[in-house]
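Both complexes shown next keep chain A, but they swap its partner, so chain B is in the first and chain C is in the second.
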Partner chain A sequence: MNARLEKFDGAFLLLLAVAAAFVPFVLSGYEIKLATTITIQAGLAVALGFVVGPAGLTSVGHAAFYGVAAYILAMMSPKSGPADMLLTAAIAIFGAAAFALVVGAVSIRSRGMYFILMTIAFGQLGYHLFNDTGIGGKSDGSYVQFRPELHLFWTDVSFDKAPRFYMLVYVVVFLVVGACWWLRRSAFGSVLLAARDNEARTRAFGFSPYVVRLIAFVISGGMAGAMGYLTAAQHGFVAPQMLAWHASAFALVMVLIGGKDTTSGPAIGAILLLLAEEILQRWTEHWLVGVGLIIVVAVIAAPRGLVPFVAGLFAPKQAHHG
Partner chain B sequence: MSTFFFFVQLLNAIQYALILYLVASGLTLLLGIMGVINLAHGAFYMVGAYIAFAVVQQFGNFWLTLPAGILIGLALGALIEKFLLSRLEGADHLSQVLLSFGLILLINEGQRLIFGNDPHGVEVPKILAASIPLSNTLSYPVYRLFVCAVGIVFIIAIGLIMAKSRIGMMLRASAENRDMARAMGIDVKFVYLGVTAVGIACTVLAGVIAAPLASVYPGMGDQVLIQSFVVIVLGGIGSLSGALVGSLLLGLVDAFGKQFFPNYAAFLVYAAMIAVLIVRPQGLVRSRGT
Partner chain C sequence: MVEPVLRASGIGKRFGGLLAVDNVNLDLHPREIHAVIGPNGAGKSTFLSTIAGDLPPTTGQVFFQGQEVTHLPVDKRTRLGIGRTYQRSAVIAGFTALDMVRLAMLHRVSSAFGMLSPLASNDAATRGAYEALARVGLSERAGITTDFMSHGEKRRLEIAAVLALDPKILLLDEPLAGLGPDESSAVVALIQSLKSHCAIMLIEHDIDAVFSVADRITVLDNGKAIASGTPDAVRNTPAVQQAYLGFGED
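Up next, the complex of A and B:
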């Protein structure tokens, strides 16, 4: 990533963080719920972008980690009252990360097309686990009757009100996006980039590309799990489709539209895609035609994504040397 | 379990394997020769089934569906290569995955616009509508044997073309080394156009002949798509013989799995794939472009 793109990336992130902070004060009712959904999906896209971009791993199975965490919350939620948020969230995120560790350990050994196919297969494995077998209510899905509560010292904080739940989502997504931003610029991020761009040299420096990729994959899987947990808490409902490869592909679309080589790109991709969906849905029952067209046009016209494209517009005209 | 019952399940397994092979061979050619991952392959399978439904409804003749499916498949493939895939040359797999995902959404919604959400049936042609009695209670439909026959003819034909013909040689050369093939005077662009057209036509054909076996419904290509990915991973990317081995393996796991562990059949398929990949990360049959 060059310096100009990095500056744009940071500026976009700052802008998004400030704009998103105003949501509970400016919007109301349905709009806050929509903003909550979009913020969660932006977090998922940024987490996925971290493995697709720097780690060079095109995962088409991230929805499985997202969905597993959602199911963990559903299964741990008592029928009679709210679950303990810290406990259930810790187990859900840990469960998603553990699943990512298993998937990554097997899949990262293979590269390119094999990796893509394996992540699809693992995602479908997860889908069938909840869709076909008895755990988690089969294809009907399962309910989270009460939104989890945060037990802080002697008080219980409830998130039943939409603005407060939004603020919780904001904080969690802020942390996830911040972590991805920091990781990309850290020494670990540099090793990831090195492993992507020149495996042999990275190895010569004493790093194992397999291990650094696996670490990135597990971190990202755990983050995806956090987003799945929030989604389950928001809607009070989980379904096997949350794990299916369509959901993974949708998250990948967000990453690509915004730009996988930036942190802000996937978030912007998520916002644009979900807003487009929302508008198209009001307009026509066959809104997926519109989404399909957006995807095809985006892939052909701006394969590097919107953020690098915008940054490129501001590039100074360079004189040719030699 | 009676011998007849076992025999019927075995035939079902082979018949399903041959349909999978029709889909997977097109997919593996695209993967092996062009390095293109096409997620929309399952959607084209569905297109084939709906072509069968529409043609039988309009003209009342099943035999017209076969040429109609092949021609539409060839045309679709050629258009997609000409206007979309050719623009992605040099791009990474991510772009291919998403381009084909966009196509899936377009095809699925197009299907909903034209045919609606209801499942439809396609009647088996009269001449093949009979069943062969095996015992007092079991019989086997002739149409399923017809599907097997089509599959076997296809295997022999594509095997001969790849191994013996000049076109097969050009395909293998382009898969091996694109630039060298170009330097030797092979029109690689034309090869890619042909591969995409034929690959997609195979899948459409599979959908056409599968239509009378079960109902025709939205999203019917999904399972076939993922299972043919499993077939390809099992067999090794780009290997037609590997795809055949993979198809048969998967057909057996699917047919017998559904009998004995109905809730875990789909699960077993993926477990089998992952087990193979742990032992042999490059698939069971290691070769490219043949």
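Up next, the complex of A and C:
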């Protein structure tokens, strides 16, 4: 990433973090719930962007990691009272990461189209596992009757109130986005970029592209799991569709629209798409056509994503003669 | 005689119907420059790749410091001390020269934990990278993105990166190709000076350079080693003179 894009990326992240911090104070009711959903999806998109961008892995299976974690919470939730948040979250994230390890270990050796196909296949496998078998309530899905509680030493913290749940989501997504931003700038991120550009050279520098990509994939899968957990906790409901490849593809669209080579891009892509969806839905029943049009226009106008596009607007003119 | 640091024995590499490398033996001794020459398509790069690990040989074995490495992946061989450059410049796009060489330093100076901090904050990697860049005369160009470097600079950058690996053996695939005369003699001098550090296998078409720096020469033709020995011995081999008719002049 060039220095200017890096600055813009950082500025956008800061702006988003500050703006999102105001949500519980300036919004209310339904809007806070919408903001919660958008924030979680932004976290998912950023986690996915980390593998699509630096790792060069176009995963169309991330919804499976997201959905598996959601199902783990549903299955671990007692009918009689709230589950222990730290315990269930740890297991859900671990489960998602373990699934990502299996998917990644098998898929990452395939490149390009074949990698995409493998991730779709694994995702659908997850979808059908919950849709067709008895696990987790078949195609009807399953409920999380009580939102999990956080047991701290001296007290139990409930997140039943929307503003407080939003704050929980804010903190978790902040950590996930911060980790992705940090990893992209780290030596580990540089190795990923090098492997994306020149696999042979990177190997001859002593790094296994397979191993570094797999590590990135597992981290990202675990993060996607955290987002699935939050979604299940928010809605109190899980369904097989959460794992389906449509969901994976929609997250990928967010990543690409915002810009896979930045951390802020996928988040901005998520916010724009979900807001557009929300607004168009109120306006017309043919809102999906509208969303499609927005995607087409965005991709034509800013093929590398909106954040690089905006950063490019501020490029000094002489840079083009380089 | 001292143990060879590298022993390639009976190396063969088949691409479908083509036997690109045919039963080649080569020992590389410490502090030795062993040149591999031969006409285009003779199998030199393929042979080098079987030693570096980029290509698995169809037959034969590779021993490095007495350990068999025939089936070890490239990254493991690099960590053991085998460094290589590519015939076609293999710089990393979007990286500055400094970052690319820092990357090469990493596996020596960084713990797993250190991988979490940015390249630029790794002082050991930075110091080593500047040293390596200085040796190839690229200190002034450290901050330049590789995409904006000239062909000669890219070739030298690659050598800097492979020096940063601090290899025990260095496999150079036509390091002089496309260099201007000044750059070329600087690189020849550099190769000469590296000898005290590591053993070098040098593939090169520049015959004058080869005969001036090589301690031993192996000549490949059609995948076969048709001669091997000191420069004088090789020069006087009839088969070599035949294979090189109309070739040695460019």
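In this text, the second predicted complex is superposed on the first by the 318 of 322 C-alpha atoms of A that agree within 3 Å, B and C clash if a C-alpha of one lies under 4 Å from a C-alpha of the other, contacts with A are read in each partner's own complex, and residues count from 1 in each chain.
By definition in this document, a residue touches a chain if its C-beta (ideal position, glycine included) is under 8 Å from a C-beta of that chain, and two chains touch if they have at least 3 such contacts.
Keep in mind that what you see is a predicted model, and the values were worked out from it rather than measured.
Peer 1: Taking chain A as the common reference, can chain B and chain C both be placed on it without clashing, or not? Answer clash or fit.
Peer 2: Fit: chain B and chain C sit side by side once superposed on chain A.
Peer 1: Once the shared chain is lined up, is A:Pro303 touching chain B (first), chain C (second), both, or neither of them?
Peer 2: A:Pro303 sits against chain B, while chain C stays out of touch.
Peer 1: Check whether A:Trp182 is in contact with chain B, with chain C, with both or with neither, and answer first, second, both or neither.
Peer 2: The second partner, chain C, only.
Peer 1: Looking at A:Tyr114, would you say it contacts chain B, chain C, both, or neither? Reply first, second, both or neither.
Peer 2: In the superposition, A:Tyr114 touches chain B alone.
Peer 1: If we overlay the two complexes on their shared chain A, which of chain B and chain C does A:Gly206 touch? Say first, second, both or neither.
Peer 2: It touches chain C, and chain B stays clear.
Peer 1: State whether A:Ser190 touches chain B only (first), chain C only (second), both chains, or neither.
Peer 2: second
Peer 1: Name the chain, either chain B or chain C, that contacts more residues of chain A.
Peer 2: The larger set of chain A residues in touch belongs to B.
Peer 1: Between chain B (first) and chain C (second), which does A:Leu252 come into contact with in this model arrangement: first, second, both, or neither?
Peer 2: first
Peer 1: Given the touch rule stated above, what does A:Thr58 touch, chain B (first), chain C (second), both, or neither?
Peer 2: After superposing on A, A:Thr58 lies in contact with chain B but is clear of chain C.
Peer 1: For the superposed arrangement, I'd like the angle with vertex at the C-alpha centre of chain A and ends at chain B and chain C, nearest 10 degrees.
Peer 2: Seen from the centre of chain A, the opening angle is 80 degrees.
Peer 1: Pick out the closest CA atoms of chain B and chain C after fitting on chain A and give their distance in Å.
Peer 2: The answer for the closest chain B-chain C C-alpha pair is 14 Å.
Peer 1: Considering only the defined contacts, which chain C positions touch chain A in the complex?
Peer 2: Result: residues 52-54, 73-75, 78-79, 83-84, 86, 90-95, 99-100, 103-104, 106-107, 110, 114-119, 122, 148, 161-162, 165 of chain C touch chain A.
Peer 1: With touch defined as at the start, can you tell me which chain B residues reach chain A in the complex?
Peer 2: 31, 35, 37, 39, 84, 87-88, 91-95, 97-99, 101-106, 108-110, 112-113, 226, 229-230, 232-233, 237, 263-267, 270-271, 273-274, 277-278, 281-282
Peer 1: Can you name the residues of chain A that touch chain C in the complex?
Peer 2: Going by the criterion above, the answer is residues 1-2, 182-183, 185-188, 190-191, 193-194, 197-198, 200-208, 322.
Peer 1: Residues of chain A touching chain B in their complex?
Peer 2: Answer in residue numbers: 52, 58, 60, 106, 109-110, 112-114, 116-118, 120-122, 124-125, 128-129, 131-134, 245, 249, 252-253, 256, 260, 286, 288-289, 291-296, 298-300, 303.
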